[in-house]
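Heads up: the structure comes next, in structure tokens.
Each chain gets a letter, A, B, C and D, in the order it is written, and its residues are counted from 1.
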Amino acid sequence: MKILLSNDDGYRAPGIEALYEAIRDLGDVEVVAPEHNNSAKSNALTLHSPLYVHDAANGFRYVNGTPADCVHVALTGLLGYTPDLVVSGINNGANMGDDTIYSGTVGAAMEGYLFGIPAIAFSQTQKGWSHLDAAARKARELVQQVLACPPPEALPWLLNVNIPNLPYEELKSFKVCRLGRRHAAEKVISQTSPHGETMYWIGAAGPAKDDAEGTDFHATALGHVSVTPLKVDLTDHDALRGWSRLVAPLPAAGTGAG
Amino acid sequence: MKILLSNDDGYRAPGIEALYEAIRDLGDVEVVAPEHNNSAKSNALTLHSPLYVHDAANGFRYVNGTPADCVHVALTGLLGYTPDLVVSGINNGANMGDDTIYSGTVGAAMEGYLFGIPAIAFSQTQKGWSHLDAAARKARELVQQVLACPPPEALPWLLNVNIPNLPYEELKSFKVCRLGRRHAAEKVISQTSPHGETMYWIGAAGPAKDDAEGTDFHATALGHVSVTPLKVDLTDHDALRGWSRLVAPLPAAGTGAG
Amino acid sequence: MKILLSNDDGYRAPGIEALYEAIRDLGDVEVVAPEHNNSAKSNALTLHSPLYVHDAANGFRYVNGTPADCVHVALTGLLGYTPDLVVSGINNGANMGDDTIYSGTVGAAMEGYLFGIPAIAFSQTQKGWSHLDAAARKARELVQQVLACPPPEALPWLLNVNIPNLPYEELKSFKVCRLGRRHAAEKVISQTSPHGETMYWIGAAGPAKDDAEGTDFHATALGHVSVTPLKVDLTDHDALRGWSRLVAPLPAAGTGAG
Amino acid sequence: MKILLSNDDGYRAPGIEALYEAIRDLGDVEVVAPEHNNSAKSNALTLHSPLYVHDAANGFRYVNGTPADCVHVALTGLLGYTPDLVVSGINNGANMGDDTIYSGTVGAAMEGYLFGIPAIAFSQTQKGWSHLDAAARKARELVQQVLACPPPEALPWLLNVNIPNLPYEELKSFKVCRLGRRHAAEKVISQTSPHGETMYWIGAAGPAKDDAEGTDFHATALGHVSVTPLKVDLTDHDALRGWSRLVAPLPAAGTGAG
């Protein structure tokens, strides 16, 4: 069983070290992770500058790129084999609801999924690494389970897991949930640099807007470990017909207009 | 009618200049775009360094960040009002099928959508800007139509549009399509630097794998302008039940397990 | 007569545009300048990442590197010939006294000098480009003079020129000066980012400490254009003997200790 | 006795770790070093983006900036006191002759010197860290000596030290030398990226041109540890008169010309 491990907080983050220790005996685990913090890097790939891969003292490899770069490079040449599972995390903070769109942790896992490999992204719901040992233990339980049991869906699949920062004894069961929704992000924060230039900082993510029962927000608030299966089909199939009507009157310049 | 215009090729790219000229008389159009090429930057946001906004000689504003940063900063404070439409592009190359996951052009539009504003991402299917005038004219037609007609869906909506690089007369009708799928990306390309270090470059996107009738690949290959409505719900609703069964046997450490 | 022109404020800065216009008819002038502002980049070279050279619309070429990178790449291959003179500037602000150690404007000129080519660095004493036309006219006068007259020194030579921001009619004569000295720089400026991290900013250069008659500070304060010939021999020849005595007692491990 | 230690290879480089271990008992030694490799960064300062200071697990502090940034920030606020000595290195490779102009190792030491603090830059003459223990032991000997003996010159002073990569027993005595000179650098190296863009790489430093007896090149080739006192007065005093004659004929526009 071959497992590729990455993250978005960088190869020296406590979260990836804890996750590595937790799952290392479940298979051949290789780490290819970003050199630096890549929070909110989404699925970004580095197209216009070269990537370098270095070996860290602890056997991890790190890349001067994004989470998706790490998985991409690993899968398209660096590893020399196709892993059975891509695991990402444990992230320093929640990736629930709309966070998944921006998350580098999810981006790393999704890159595996887009190459046809099952993948799991793990996050703690609060920043600061409290009870990281408990999160790592829960992560191990889920990885062990997906390796042991026939997956419920055709390959590949992609799971987004959020774990409350609680002692192991206080963590409740795994709960399969849909993603909730957040309110719009906070206002941009502006500061003036000593040179008199205005600096803008992206504000905090908005609070939960849809945190009804059945969502990841709801489950983790109760102490459950949320598990959300993701799929990556952005097409709004229900809307195809309506839009067809709207564009129908537009001119078709070409001869075969139709 | 207030329109925010951005892109991912940078504020000096021919695509955004052409699009601005094409739609400027349809409303109050403001440009906030990246300083540099941000291809494949997906929905990435810059959280850990400050963003600066500068005025270009032509009235555009540019930001030392990603496409999503530009729209985010514009909507959360820079503009001082909420635009009626966010438009992104015209991109230098296709954003079809899985490209949409990585695309900074789509990322900019999606940022508007996530703030509740209708948005359109425009791309030419080939790189090199050939027949950019025709693409801009087609973009104008669609923007005009969505401003004029009641949208078929509740707000917000998000359209991904790909325009073949053809003379205007050869372009066929707008065609509403689902996203196709691509094969996995090409192998990573490695080079050795003069210092003896191995440099890795992300390889080209894979060829179309699902380009059946009804897809954006199929429509644009025939000369149509593809229009794909997108939605951003990554939850795989159909898979919730199966995964619930799989995680059910896992231990619930906490007292309220269940 | 072949002239290579560079700067540190970037190829789009008013200073390099004005200088180009002022000297373009004095020879074949080619511009290879940094893409971005590189103030205070000293003689820094980019060793560990590749440099790209692009053509701007106005015929200038720009490089994603430092001022010294620009001149280095131009002289070691890009130009294909050896220019007769390297000119740098006009810089946005003074490069007097200790500033020359940090200055990218001087760094670009010094790179030419280290390749054996005479070089001149031009700066305005105040930021903001006021009376840039007068500075460019003065720069032209000096370039014309060094092209016309036999230089007083063996090749190569290196001149550091600072021009007060005054109308042409108010500028006094060129005055050859030594460099003055500045007091230590201002205290570092600290700010707290919205994420609670302390950010440090390099403070302003110190005020003049040695601005006696004969220095660049003194001359420019009176309205003169200061011209300081530089040489690059960092050895403190007068101190060699004293240090020899100090290290003499140290052990010589090797067999041929001497 | 308070010592500030920095380098240009980054805070995790073997050279700074070895130097720290070698001198830590000679005083209160604090490390403030760059986060990343900053070879050839000269005296560059970061003016236009904020610097962050982080604590490493081993007690070192690291900064996302240049060697000169590190020393600058330390001396203008971070340390809260004025150290008695600034030490930089041990560098991975020679800083002899013209190298000193580009060297980040020398740049860090020179920043201390410009703030009025004695400073020493240490380098090994070959890359690769062979016999680093011997170099560290030699560095300790010199630091011990300058702390123990009255310096031969008024404060501040600045030493540039190059140590052959030899076993301790084979290293010969410290030898006070002037800087040699190098031939011009090698030709720029060009490569084509997979996107078809030409990438340029700064070529290797040139071979020694002036390596006569009395130079650092000569001494280290014989196995000596070269010690070169530096001073930072770029004015070419001998040339002032000649240049005065050359500029004399130029027009003085201003009323007080003269």
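Keep this in mind: a contact is a pair of C-beta atoms (placed from the backbone, for glycine too) under 8 Å apart; a residue touches a chain by one contact, two chains touch by 3 or more.
Chain identities (UniProt): A, B, C, D = 5'-nucleotidase SurE.
If you're wondering where the values come from, they're calculated on a predicted model, not measured in any experiment.
At the interface between subunit C and subunit D, two copies of one sequence, more than half of the residue numbers in use appear on both sides, so the contact is built from largely the same positions.
When chain centres are defined as mean Cα coordinates, A lies farthest from subunit C.
The geometric centre of subunit A is 47 Å away from that of subunit C, both derived from CA atoms. Here the CA centre of subunit A is 43 Å from the CA centre of subunit D. Remark: subunit C and subunit D have CA centroids separated by 20 Å (rounded to whole angstrom).
Multi-chain contact residues of subunit B (touching two or more other chains): 47-48, 50, 191, 193, 195, 201, 203.
Across the interface of their complex, subunit D is touched by residues 37, 39-48, 50-53, 63, 66, 68-69, 72-73, 76-78, 98, 100-102, 107, 110, 114-116, 134, 141-142, 145-146, 149, 151-153, 157-160, 166, 168-179, 184-188, 190-191, 193, 197-203, 222-223, 227-237, 239-247, 249-258 of subunit C.
Contacts from subunit A toward subunit C in the complex involve residues 49-50, 189, 191, 193-195, 201, 203.
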